[in-house]
Amino acid sequence: MRFSKKNLLSLAGAILIYFLVYWLQAAGVISAFQEINLMMVGINIILAVSLNLIVGFTGQLALGHAGFMAVGAYVSAILTTNLGQPFPVAILAGACTAAVAGIIIGLPTLRLRGDYLAIATLGFGEIIRGAANNINYIGGAAGMIGIPQLTNWTWLYLMMVLTILVIVNFLNSTHGRACVAIRENEIAAETMGINTTYYKVLAFAMGAFFAGIAGALYAHYFYLIQPATFTFFRSFDILVMVVFGGLGSITGSIIAAAAITIINAALQDLAVLRMVIYAVLLIVIMVFRPQGLMGTREFTLDRWVPKRGEASGSAGN
Amino acid sequence: MALLETRDLTISFGGLMAVANVDLCLQQGELVGLIGPNGAGKTTIFNLLTGVYRPTRGEIIFNGRSLVGLKPYQITQRGIARTFQNIRLFGNLSVLDNIRIAYHWHSRYGILNAIFRLPSFHQGEAAILARSQELLRIFKLEPYQYEKAKNLPYGEQRRLEIARALAARPKLLLLDEPAAGMNPQETKELMTLINWIRQEFDLTILLIEHDMSLVMGICERIYVLDYGQVIAEGPPEDIRNNERVIEAYLGREVNGVAPQGGKS
Amino acid sequence: MERIKKIALFTVALLLAAAIIAGCGQQKSGAEKQGASGGDTINIGVNYELSGDVATYGTNSKDAILLAFEEINQNGGVLGGKKFNPIVLDNGGKREEAMSAAAKLITENKVVALLGPATSGATMAAATMATKYKVPIISPSATNPDVTVDPQTKKVRDYVFRVCFIDPTQAIVGAEFATKDLGAKKAAIIYSNSDEYSKGLYKVFKEEFVKNGGQVVAEESFNSGDQDFRPALTRIKDAGADLIYVPAYYGDVGKIVNQARELGIKVPMLGADGWDSPKLAEYAGGAANLNNTYFTNHYAASDPNPRLQDFIKAFKAKYNREPDAFAALAYDTSYLLADAIKRAGSADPEAIRNALASTKNFDGITSKITIDENHNPVKDVAIIAMVDGKQTLKKKITH
Amino acid sequence: MLLLKVENLNVYYGAIHALKGISLEVNEGEIVTLIGANGAGKSTTLKTISGLLRPQSGTITYQGQNVNGLPAQAIVKMGISQVPEGRRIFPNLTVRENLELGAYLRRDREGINKSMQEVFRRFPRLKERQKQMAGTLSGGEQQMLAIGRALMSRPKLMLLDEPSMGLAPILVQEIFNIIREINEQGTTILLVEQNANMALSVAHRGYVLETGRITLAGSAADLANSEAVKKAYLGG
Amino acid sequence: MAVFLQQIINGLSLGSIYALIALGYTMVYGIIQLINFAHGDILMVGAYIAFFGVVYLKLNIWLAFIISMIGSAILGVLIERVAYKPLRNAGRLAPLITAIGVSLFLENGGLMVLGTEIRSYPAGLITSAQLPLAIFGIKLTATTLQLLILAITIAMMIILQYIVHYTWAGKAMRAVSYDPDAARLMGINVDNTISVTFALGSAFAAVAGILLGLYYNTIHPLMGIMPGLKAFVAAVIGGIGLIPGAMVGGFALGIFETMVSGYWSSKLRDPIVFLLLILILLVKPSGLLGKNNTEKV
């Protein structure tokens, strides 16, 4: 690896945040309530960033992200709870199974575009949920309970940083540019020698892989998973975070995922009113800022660190 | 040996023969024009050559190998690149990225290299960047390299599209109405450019165009298409005087260069 | 100009939203507002599904709890004048939110006990926090046996209680009633596949019914909230059942009964406490359709017990609608909690837990309640027959 | 007589200043042409006149009335009808339905029928194909349909945007003959054309646009003979 | 055989309602290419308007139909003006998100204002007698309500076909759906035409909502979610943007669903419906009646 000043600073920042939270937690400053929401923030960031890869960068409107999350959650939970496997193995297996599900969904639906793809992926999500509802081994509608609570700050942070790092590095390469080219003009991309099928499936597989990780983290923190946890409403929630943050902006997704999760938790005492407020805010913000908070821009350290000689006029910027 | 050869190339859409029994033959290094009335099947032929459509019947031989059944990206990788009648740039991306994307399939580093930022990633990216900027310099697009492609003036967009096609390093370049929407001055410059890249990149070019000044001016040979069939083939002089072509396409009053009106 | 127009439009939209909010604000009682847990108030956490698809259950439960605490406070509170301060949080029916609401109530609002949620899944999620912080949690309506007993270790969850039957109880009583009293030989079962409650009852009923010498001729399932049961009912009709067991909630039950009668199915139908709703006749398309139907329940609304009738009256007066089983159970739960605090003589969570665990013959509006070693209630099962839209007590069985 | 007067028109697309103070006049009975390079603002001028775009400043006066900023339907009602660039016919409607839509603002059944017959007389091929989906017509026929459709509103002023675009030379000739005919029968025409030769051959007067500004104006003959125009637009 | 025919009758009633909802989806999609996720919730509002009309204003049910259609039409237009119109040029996803927002607003606003309880129309609004039917000598049961639903649906479709093909408003709608700018040049007021489309679609949804309420005898603030989603699936199966497609898709989905529940298992119904959707899209990527519009190159 080569480290520029910028990279070093980011790395230092990332490590600093980790230890800061770790220390706060150890010192008991972070309450249980805050911890739960910290976990949800992390899980939602992973979900939003991974969905942004599919929707924002590759331009494939997918509404089945909760389905991938469910696959990751169930597979990892089976491994730890029923088969006694260690947590890292469970995470990896959950993520890989979800990626396979992503490929299975990606391959046949490639012929579909836009809204047809959206409804087909929504359908796939519901099929996964329907399947979980009908498999007694994983508890059917009652779901699985008694999953060991293995997710902690360290695992969450590690996985979150890994997700962001992998996706950002992917996007800032010729492979990421190939994805963005598909979004911009699929026919032109194909005649530029880009195997669009391959990259669309790859985007689905990668997005699903990380959604699977999020699912595994979720299952092993909230100790109980049910098919009802993974309805298309959750897919909508994730999509809202992505669009809200800005399609094609990773930092936008991160900020939006954190903001929406925290606001939602803060308004719990308003009962159903909070959902009304959420809905009104959603409409107002979209109408006045349809490109989302960040548009396609990224919040970078470039502002504070002098740029290297060449500008990286890359996909994400 | 011919670089590109089609035999009995035919495609029908729901019973309608859009292209029927077309035999084209392009020698290495030739510059050939494809003209004909609207709906004669010119763009359809391009779509057949680039794999967007699959022929109902017939054969496409490029460099000695059949192209039928290959996907567009595979055909590009075999060495055919094209531009589009309605410009298809990656509008929201920078000019530089438009070119870098076209270098994509030449890049040698894999996904894992990208994710883990291994040395081959940095080498690969550096090479792509250098080549892309070189190409932009050649096309005098360097000043725009960080502009969004859609913000470029029209003529520049056309040039960028040609540059992007060249970045795929083709042996055969297909240009679909490159002069559409250009004024005579711009068209003239375009002619010079086409001639120049042909030499510089050692290209064979097939182009569709309505602007007769361009077609007659630079093409060595011309195919005339009407109702999906080739009705004439030959050097510009022959085509200009071909009765059938005048009947179907050029019209009585015009002859040769851009049509002249009656009372000026 | 455009922008001004836009903003004006939005102001209108927001005003509309605000009007709605104001309209609903009236419903909020003073008790619902958050207050500091001072020396003379006892904070109680109320963690319910108030938005999302099971908001109906959560809202009815929450309303009954607020009513109960209001009454208790008006009657002088507990422990020499201490007043209850119920703090309501919405979990939207999501597991993670049920957990975070529980955490917030315990750590930030310093509640001494948690009430709710309505469904088993959410209750189990909230229960982890209760266990972690050693604060008792009582669900009025979570029927899954696993809620109070860990299925893997078979150990009782120390801080988790409930006041409803667990699923098997009603199904056993129901199966017995079906064979002995209704003389059924061939039963059909139609249950909700997306509902643990319904599936639990279905399994036990089937076992018991077969054990009692009956035969199950058709098993149909649906997803809660489904609209069209005609296909399944058509098949049941075809199978020639002489009894249909419908372990589901009243929203679905009404549609099932209505559509069954419409298809000309006249055999008796039997259900469980999920049927209990004053509106059942309405949903079932008229009182006549409900004749020849029965269900097991915690109580009979027609029970002359004055405290029950007072509750029904008070609930109607306050909320302008009839209470259902969720409300009745939640009401009992609130009083049970108050009783436990009285018996404990302190509002210390640990003391409350111990008092709850040793509850004997608590006199609730639904039944007398004794908490057994698994933290489940021992209480009467009432069998209700619907006669011209009226619930009539057919039989009472102590289980 | 002055029919249309455009004064000091400024139009922006977002941040791009597309028209920088354009002024032009069209007299009744004339064919006036706007020529210029791609992106010079020719189409933008037409779209602004027909109400598809709103100018930031400037005035458009039609028959002595300020029509600036009126919605498109009001402008059609006043007798200005545009044949848009790329024809923009409704491909999944029949030829007849397309023509009927051209008369959308008219409610006189009789009159509409009469206009329809006139269009059919002028374009017999459209009559043959009146029941066909417009999308199945050839490029030239589509252009005729677009012109016919615009005629259905009985316009006083017709705005034509690039009628020769993408057409074979033989059809270009035919279309321009039709334009001249329409004009001779009393419709004033404002014509935007890439093909400056053709445009100047039918027009009475012309304006040359360059990057949002008018740089030259004059009679068609003067412009055709101007050295600057020859060099830039006539390929001379 | 008796069971099969009985299931067909049941499926036709359900399919009618899906078709009515799908029509609104498809009209709105056709004209502004937006999946109007709030459509199912407009249906709910329509059902409640009729409920309040019948219960509190003691209106005749047919009058309640009309008032509900008008009320829902106004709501539909209002939603379009506030949440979609400002985003007409903002790409595909922003309006999709506001549609989700509007949907959440109506659902949760409904829970707040209307309460969480399930309500029913008063008994006897429409006398639903059992009709003994005999087809080829096989005895079946249908209710007058089922026949009424079918009749209303078919009548509404005929009305819609008439409006779309033979009125100026209908022609304007078609023109706008193909090319709004060209339509503008014909003198068509595009904003008004879009409003008319929303009004029509919402009025249809109101009818569907009331029929749902009558058929299942319950109404609830969240009643529109699943029928809305299913109807959207129906519209896609038929070919979204096509009015005949919505009808075909609605009926096909209604009968298919009933058959799956009737012959297999209702717990597998939803997954199988979505599986069917995907299979149909794979074979015919633009739906049963859709033309395969490969993008022009």
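Worth a mention:
Chains: A, B, C, D and E, in written order; residue numbering restarts at 1 for each.
The criterion applied here is as follows: contacts are C-beta pairs under 8 Å (C-beta built on N, C-alpha and C of every residue); 3 or more make two chains touch, one makes a residue touch a chain.
Which chain is which protein? Per UniProt: A = Leucine/isoleucine/valine transporter permease subunit; B = Lipopolysaccharide export system ATP-binding protein LptB; C = Leucine-binding protein domain-containing protein.
Here the structure is a predicted model, which is why all the values come from computation and not from measurement.
The chains in contact with chain B and with chain E alike are A, D.
Traced through touching neighbours, the fewest hops from chain C to chain E number 1.
More contacting C-beta pairs link the chains of A-B than the other of the two pairs D-E and A-B. When each chain is reduced to the average of its Cα atoms, B sits farthest from chain E. Greatest Cα centroid separation from chain D: this falls to C.
Each chain gets one centre point, the mean of its Cα atoms, and the points for chain A and chain C are 35 Å apart.
Averaged C-alpha coordinates put the centre of chain B at 31 Å from the centre of chain D. The mean-CA centres of chain B and chain C are about 71 angstrom from one another, to the nearest whole unit.
In chain A, the residues that touch at least two other chains are 133-134, 187, 272-273, 275-276, 280, 283, 287.
Along chain C, residues 6, 10, 13, 17, 20-21, 24, 51, 55, 193-194, 223 each make contact with two or more other chains. Residue positions of chain B touching 2 or more other chains, listed in rising order: 52, 84.
The touching residues of chain E, when paired with chain A in their complex, are 29, 33, 35, 82-83, 86-87, 90-98, 100-105, 107-109, 111-112, 229, 232-233, 236, 240, 267-268, 270-271, 274-275, 277-278, 281-282, 285-286, 295, 297. Residues 55, 61, 108-109, 111-116, 118-120, 122-124, 126-127, 129-131, 133-134, 187, 232, 236, 239-240, 243-244, 247, 272-273, 275-276, 278-280, 282-283, 286-287, 290-291 of chain A are the ones touching chain E in the complex.
Chain D makes touch with chain E in their complex at residues 50-52, 71-73, 76-77, 81-82, 84, 88-93, 97, 100-102, 104-105, 149-150, 153. For chain A in complex with chain B, the touching residues are 1-2, 165-166, 169-170, 172-178, 180-181, 184-185, 187-197, 202, 296, 310-311, 313-315.
Within the complex formed with chain B, the residues of chain D that make contact are 16, 36-39, 138-140, 165-173, 176, 194-198, 200-202, 220-221, 224, 231-236.
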